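Two complexes, one shared chain (chain A), two partners (chain B, chain C).
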Partner chain A sequence: MTRVEALEDGTPRSLLVFGKQSAPIIFVTFSDFECTMQSELEIPSGLENRQIVDLCIWDNKAAFLFDKNAIAVFELTTRTVVFRATYADATNNISNIYFVSEHSQPSAHSSKVAPEAGMLSGFFLMTETKMQVNKNEAEKVSSRTKLLRKLHLVEIQQSEVKVKKNIERRDRLEQVDELTFGSENPKLVDFVVAP
Partner chain B sequence: MLSELNLGKSAEIIDFTVVQFRYLVVLLKSAALLVFDCERVLNGHERQVRFMFMQKLELD
Partner chain C sequence: MGTKRDQKSNFFVFLLNRERVKQSGLLRLFTVKLNWASSDKGGNNDDDEIKDTKQSSNSESLCFEYVTEVMPKISNFSGEKLKPDYMKVLPVVDPNDQKKGETCFYVYVGVGNRTVVFKK
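Moving on, here comes the complex of A and B:
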């Protein structure tokens, strides 16, 4: 176990505790005297041995970013996965993930049809970094520096597809916008207050 | 306060977080959670954080 994260209001005194590997991710609630509940999140197949890169929490949901740009969103009240997708458009590894609520989106996206009840909707802001190995260092001590490359604004898309016998839910992440930094060294900008 | 618990090397702090702006939760190397109530310190009533409990996580 290497990380402990508090959950936001809405869940009584709750935490997520996890290590570098995806399994186990433990959901804990506690009272004044003891941990009242400890249960493991159900990791979807194929992600059990992946490394956890980042995490973001909102409402009763937690989005885990795994290596190879895989994302899984857990509903914490049921401790199950409600969304799972891999973001393939990035040219490098995604290292940070942040959930952007639909309410904070500009009007350009508000014209879209409202999602059905129970379907997950919203956007992720993701940071792509390039890991650069310093070749001057000795092989044993190859240091790495992180360079900010791109910010991806990616929309969560869920759709229900009718298959022969049942209805399947398909999850997808689609690029909405992208900010690319031309210079590796961002310049400070002085803001001038209008008279 | 950690030394009073006689945890030895397992008292190494791995991570911590604050729940509801009040409860300080410390994750120890031994996969145990230490929970403190910071309210009275934050209000200026006490200088030392009150220790609530310690619990080891049950790992499969």
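Moving on, here comes the complex of A and C:
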């Protein structure tokens, strides 16, 4: 296991623990330093052997960024995947993901149609990096050099469509803006909500 | 450093070059403001802008507002030949630490145990 993330969901406290490979992602709840529950998140099919690149947590949700720019959002109360899509507008690797909430939108611009109940909404801020890979150690991520190329601002789009007699959920990530860094190559990124 | 739009910005992105910290303790930091695009899509004329961005077709969508380059200083920096290797930014929540109309952030960087206070 290489990473631990704390969930700010009150008491008892919860943690997500995982390694570089996607499986297993362990959900741990504890109280007074005693583990009270431990379970694994079920990785969606096709992502079982992908590398986990980054994670962001908000409310009671966790978005996992896998390699090849695949994203899966888990509802942590039910430990289920509620959104899954691959971001296709990046030309290189996405290496960081941040959730940008929609509810901070100023009231003067709130005429946008509200998402349906239960539907995921908001934006992701993602950083695209060009990876310079050492050919002899192509499998070792630590040997790669990351150069930031772009920031992507991406809207989460989720809808339900009726196909024959079934209701199917459509998950998409739609780019709404991008910002390119030519020769600057900043390498450390953080994202904050102003107080 | 400014914008033609008066909307309150909720979100900031900080990007730090991992180049060596200058002898004076100055760091090269970029800040990107995210804002909700209004129907008035006037550009901006910041001299220190890196590159303008395309506007979203959705006039009420979030977009990158502008980019500025700033040089916050690490206090008590003694000129070590170090590169920052991590960064964490926290907004200042104590109103006594903020002047009117100013948003302040603490920028923690991995150059020893140093703190940068950046006022925006």
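Here is the rule we go by: the second predicted complex is superposed on the first by the 160 of 195 C-alpha atoms of A that agree within 3 Å, B and C clash if a C-alpha of one lies under 4 Å from a C-alpha of the other, contacts with A are read in each partner's own complex, and residues count from 1 in each chain.
Note that a contact is a pair of C-beta atoms (placed from the backbone, for glycine too) under 8 Å apart; a residue touches a chain by one contact, two chains touch by 3 or more.
Keep in mind that what you see is a predicted model, and the values were worked out from it rather than measured.
In the superposed three-chain model, the partner touching more residues of chain A is C, compared with the other of chain B and chain C.
After overlaying the two complexes on the shared chain, residue contacts for A:5 are found with chain B alone; chain C is out of touch.
When the two structures are aligned on the shared chain, A:48 is found in touch with neither chain B nor chain C.
In the superposed model, A:123 lies in contact with chain C only, and not with chain B. Look at A:38: by the touch rule set out above, it reaches chain B but stays clear of chain C. Within the superposed three-chain model, A:168 lies out of touch with both chain B and chain C [touch as defined at top].
By the document's definition of touching, of the two partners only chain C reaches A:193; chain B does not. When the two complexes are laid over each other on chain A, chain A has no residue in contact with both chain B and chain C. For chain A in complex with chain C, the residues that touch the partner chain are 100, 104-106, 108-109, 111-112, 123, 125, 148, 151, 153, 155, 176-182, 184-195. Residue ranges of chain C in contact with chain A, taken from their complex: 7-18, 30, 32, 34, 36, 38, 50-51, 53-56, 58, 60-64, 67, 84-93, 103, 105, 109. Residues 1-7, 9, 13-15, 17, 24, 26, 28, 30, 32-35, 38, 40 of chain A are the ones touching chain B in the complex. Of all the residues in chain B, the ones that touch chain A in their complex are 14-20, 23, 25-27, 31, 33, 35, 37, 52-53, 55, 57-60.
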